[in-house]
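In the two assemblies presented below, subunit A is common to both, partnered first by subunit B and then by subunit C.
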Partner chain A sequence: MTMAPQLLTRRRSGIHGRQNATGWLFIAPVVIILGLFLALPVAMAAWVSVSDWTGRGSPFSGTTNFVGTENYSAILSGGGLAERDFGTALRNNFYYVILTVPLQTALSLLLAVLVNRRILKGRGFFRTAFYFPSVTSSVAITVLWLFLFSASGVVNKLLALVGVAGPNWFQDPNGVLHLLAGSLGITTPPAALAGTSFLGVSWWDWLSGPSVAMSAFILMAVFTTSGTFMLLFIAALQNLQGELQEAAMLDGATGWQRFLYVTLPMLRPTLFTVITLGLIGTWQVFDQIYTGTQGGPAKTTLTPAYLSFSTAFNNQQWGQGAAIGFLLFAIIIFFAIIQRLILRERTTVPRRKRFNPPPPQGGTK
Partner chain B sequence: MTVSPIRQPIVDAEDQAPPRASDARPAPARPRVRKPAKWGWVVYVALILLAIVYIFPFLVNIATSFKTEPEAAANPLSLVPATWTAAAYERLFLNSDFPLWFKNSIVVTVLVTFGRVFFDLLAGYALARLRFRGRSVVFAALIAVMAVPGVVLLIPKFLVINQLGIYDSYFGMVIPLLADAAGVFIMKNFFESIPVSVEEQAKVDGAGTFRTFWSIVLPMSVPAVMTIVILSFQGSWNELSHFIVSTQDPALTTLTKGVAQLSSGQLSAGTQYPLKLAAAAIMTIPVAIVFFIFQKRIMNATAGAVKE
Partner chain C sequence: MTRTRTLRMATGAAAAVGALALSACGSGFSSPATSGSAEATGSGPISVLIGSSGEAETTAVKSAVADWSKTSGTQASVTVASDMVQQLSQGFASGKPADVFYVSTDQFAGFAANGSLEPYGDSLANKDDFYPGLAKAFSKDGKLYCAPKDFSTLSLVINTDKWTAAGLGDADIPTTWDGLSAAAKKLTDGPTTGLAFSPEIARVGAFFPQAGGSFVSEDGTKATINSPENVKALGFVKSLLTDGSAKYSSDLGAGWGGEAFGKGLSAMTIEGNWIGGALSKDYPDVKYRTVELPAGPKGKGTLQFTNCWGIATDSKNKPAAKKLVEQLTSTQSQIGFAKAFGVMPSVQSAAAEFKSEFPAQAASLAGAEYAQTLPSQPGAADVIKDLNAKLATLKSSDPKTILDAVQTEMTAVLAK
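The block that comes next holds the complex of A and B.
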């Protein structure tokens, strides 16, 4: 009789100890791999970004020296090629982000609303058609895009049908806004813009808009990502359809009014998710550039991600390459924090009670 | 039937929708649907036009891969080659490293998929069910890891792989891809959605943790495991940047890396569009097959995994 509680406590602590060991055993592989190939690399790269490592031997051997913030200042204020390249890459990617994100968000929302109509034949077919580009590899899509947008390619042939002479897309370094200005008669830049510069790029060049080549990449990004985001919107729309819609219908609201005043406000959380994922994804363009243009023509499709890679692997400037990586990281974190701040308002829509962990980011690729 | 438990209702809702709608387009019976039906044809026209825009490029891809090079340049729009030729495919398979790339992609994809599923299962189960010390720290660390953007890690990954002496080897290509935090999350959410009572029953009967996991939990997890299998397959088959930084030996080139280099002219190929598009078509086939077999699951998993 007296033994029972004793036994119970002993057993419980035994189970506890065993759970401790098994728990760690179960999680060890993931922890080790993530630590070895995520945490440790970041620490090593942090060291390389403040060193003069040339890629020979180990970065921890005696021949590698600490150079302080030299690599960072070469990129941010060096006045040389490194600074100009970084500025150019930032400009290119900035236009890529600022155009891709709104376009893909709007298009995916449109697709979702169309596909999600209550009465629709062939819903599955349309959903599949719109989503398929998202599962194919970025390499295959880029190869296809190079063909579609080549000088005598499909797109230009279609443009010719309506009497437009298309550009040689991936060879055309002209900025879209510059072309627009040119068509308005502004061919020489105003001195105020041409004379001053930021990050080694004149303000006139900052205002160039995406190059024609980059525009083709923007269209490709919209083409390949809209399907994924469409699915997010469809999922959200299906949680919405119900009493509110019917109430609005009974009140005589038209379809457009229902969309504008009932659906759209309730889609806000998803809208924010999509925009944030879009922002994070579009700052990381790499595969397409590597496969398609290597930054050309005239560096107008250079992106920070590709610049970081080529600076290190092609030019053996490992310190600068790592530093660019960290600066890109900072940019992405900046947007992630903005997202956090905005998402905080999400609590006004009490829809997610089942999950306690904060939402993971960046699940798409 | 649940995948990630989160998205399950979608499937049902959509499965039921089409049959009900089948005869409702031209003459709406109920007053409620009159408005949508009146504009119905506009929606259909819009959808069909959009679908053409989305599908046409892939048809062009396949058609062009069977054209001769002059025809591909002269008449890119036609979907039926004037003279059919499999020359591009012959060259790829008989006169290039393409079969080697294909083999490498398969080896890496299979290894990564198996490893990932196993590790994600273990870790997800531990996080969902086992109360061990440091659990919340591990969980927080996983969230932090998921926030690190992949391209930022290109140089760092190379540094570690190089330092560990596994550069230019299957180890370096496979091991870093084995753990993925997103998969752990999917599994954790799944395990939390199934009732604990069954496992407790097994434990009362004297089964150890691993035994319970292996013979009770695992059989119940088939749907979630399928989700991870598909996502891992897709992810590792389409992976490019990791293979760029972990290998330089041509014998270890994967499809993505090989085709990317072919496309960018690093293999001095010129503008051989039929050849390149044939390569692109072949590398799309495996993902396309998996996609068409499991499309509902894939689409639900995508929505679930990203949205949570």
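The block that comes next holds the complex of A and C.
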């Protein structure tokens, strides 16, 4: 009896040993590929961001020197063009994120709920139709968008039908909030806002809102991504049990209440995924800008991802370009954490959301 | 969706460089210090990388290089870049760049500063034949880095049908700012704007030298952007925009001045020689003539644009590359290029033949006498981009405020 467990343990560890080796062998291709194409480039970029590499020869050669945080401080506090460009890019992308993420999440949820209804005829058609923009190349859609939103394009023709003179979308650098303020008679910025600045951009300009050109990009992002996220929501909706809906119906909940208090809370994990993916995707917007406007008009569609590219490739400021990449990474992590805190699972239900008194302690969740 | 793509962008070219380093087992990088060794031997095929304007240019360059290859016995191939800057940058970083390639004025400073460009210009046999203004654009610290390939200047392009329809004659061809303003007003009619140009300093800036202004001082050390002359010039452009006789091509829904002009949205535009090719291809029915830009208070002025034939420091066969460039910039080759795709030869010895061959472009060639070049100091391209961004809202801004802001930026760049 005393021998048996020992034998068992020894044999088990032997098996584990071999399993370990086999396991490593099996994941070796992925480890090598990830190391080669992800870990190593990231490490190299990290080095470039603190070096004075000029783009010629190896960044590890003797002619490249360590310059500490010089590249980062040029972007964050240099007082020059680099700082202002970064500030402008952050401003543009911030409005892009703050408008795109809620809109695409709400729209995709709405679409998912609509096409998930059993009574809807031709659900397959609608699902395919809504998903279609997501599988189309972003470059193709950007070109399409440039045509649709040109000065004499389809969108402006449609607006003209209802008597609205449409803007010259992709050429209009005016901020939406500035236009709004202008219509209220505020055309010159208050001294308090114009005189002070952050990252080289005055507070008045921080409050400009997305430019008309950026608004067109926001519409495009909502159009292209809501299909993808609709798919996630549909999958989640189909996992929900019908019993809960029935129970809520028996309790006398209206359709809206059932959605708000039963369906939506159960979609929380999916909602988290969608918002996280949305945040990451929108902070990294690049393709559309590169194909569409290259940052113009008046730098109002400049984004950190595109700025990183143009700083490195067009201006040969490789260190600053890499530094912008890492700052963008930090921003994305920051927002993901904030979002995680807001959406975290609470163990108790807020009083105003309760149908019934809370269950006794230790009850099932 | 764009996650992987953008992550790669965020880490810059380093990704490609890193992969190269490993896959080539260490030979991917040749550090600048050791790259000189191959220079002495000077053998191997020559690769040429060009950013082509179209089929005509590609064919012309390919056949010129093939001709040279036949007579010299050195193999040579021409590649057309889809993204010139990116492909060049990747080449320089990997230590295996193309041997001969186009370099634009705004890229020149960056590539010259990091040592990617071989400063071979001073040893060229036809060095003194280049227009001094062009050679200056590609010189750094007194050294001519690369041979100017060809050039273009801005001139005033007039739609002759609209001109006569507005009751204007030869005597009305504007030679002064007042004349330009009057003609533009007369030509503005319904959907047609008198004058249209792109919202960028590469067009608007043509008025600066006419007022006696410049971008940087003669020796290139001081910014002169907010000089009273430039403020006056920009004020004149603003007055044209505000009274409606001139408009930005973007406000007319056109991508550039040539498109606005070709579509008949404007009766005049300010463009370079390249407009000829574009008009005959896309708008063959438009009748037009090209004249010199009007003189401002301080005489005539225009801007010129040029590229050069760069040779990589890391090239394995620099002697042959230099011979190829000598051949490509020779008078005869350049006249051939001019015929093929409408550029102006960068050498003075070709001027007479060019003039007799292309009388319609006499105005553009005349501009070479007094043309200025946009500043090409390191970092200046960024300042110009910022100025372009500010020009987009010129109609509602104060010219002096714009130029003051840009002056500060340019001063900071030149101080480096």
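Going forward, the second predicted complex is superposed on the first by the 309 of 365 C-alpha atoms of A that agree within 3 Å, B and C clash if a C-alpha of one lies under 4 Å from a C-alpha of the other, contacts with A are read in each partner's own complex, and residues count from 1 in each chain.
Definition applied: contacts are C-beta pairs under 8 Å (C-beta built on N, C-alpha and C of every residue); 3 or more make two chains touch, one makes a residue touch a chain.
These numbers come from a predicted model, not from an experiment.
Contacts of A:Ala298 after superposition: subunit C is touched, whereas subunit B is not reached. In the superposed pair of complexes, A:Pro41 makes contact with subunit B and with subunit C alike.
Applying the stated contact rule after C-alpha superposition, one finds that A:Gly321 touches each of subunit B and subunit C. In the superposition on chain A, contact of A:Leu158 is made with subunit B only, not with subunit C.
Once chain A of one complex is fitted onto chain A of the other, the partner contacts of A:Gly80 are limited to subunit C, with no touch recorded for subunit B. Of the two partner chains, neither subunit B nor subunit C is touched by A:Thr100.
By the touch criterion defined above, A:Asn71 reaches neither subunit B nor subunit C.
After overlaying the two complexes on the shared chain, residue contacts for A:Phe313 are found with subunit B and with subunit C alike.
Touch criterion met: A:Asn168 reaches subunit C, while subunit B stays clear of it. Residues 36-37, 40-42, 44-45, 48, 58-59, 134, 138, 150, 152, 228, 280, 284, 286-287, 305, 308-309, 312-313, 318, 321-322, 325-326, 328-329 of subunit A contact both subunit B in one complex and subunit C in the other.
Across the interface of their complex, subunit A is touched by residues 1-3, 5-15, 17-19, 21-22, 29-33, 35, 85-86, 89, 92-93, 95, 107, 110-111, 113-116, 199, 250-253, 313-314, 379, 381-383, 385-386, 388-390, 392-393, 409, 412-413 of subunit C. Of all residues in subunit A, only 16, 18-24, 26-27, 29-31, 33-34, 36-42, 44-45, 48, 58-59, 111, 114-115, 117-144, 146-148, 150, 152-154, 157-158, 223, 228, 231-232, 234-236, 238, 249, 254-255, 270, 273, 277, 280, 283-284, 286-287, 290-294, 305, 308-309, 312-313, 318, 321-322, 325-326, 328-329, 332-333, 336, 354-355, 357-365 touch subunit B in the complex they form.
Considering their complex, residues 6-7, 9-10, 13-14, 17-18, 21-22, 24-25, 32-33, 35-37, 39-40, 43-44, 46-47, 50-51, 54-55, 57-58, 60-61, 64, 72-74, 76-77, 119-120, 122-123, 125-127, 130-135, 138-139, 141-143, 145-161, 163-164, 175-176, 178-179, 181-182, 184-185, 189, 208-210, 213, 234-235, 237-238, 240-241, 244-245, 255-256, 259-260, 263-264, 271, 273, 276-277, 279-281, 283-284, 287-288, 291-292, 295, 298-299, 302-308 of subunit B touch subunit A. Remark: subunit A residues 36-37, 40-42, 44-45, 48, 54-63, 80-81, 85, 134, 138, 150-152, 168, 171, 173, 224-225, 228, 280-281, 284-287, 296-299, 305, 308-309, 312-316, 318, 321-322, 324-326, 328-329 touch subunit C in the complex.
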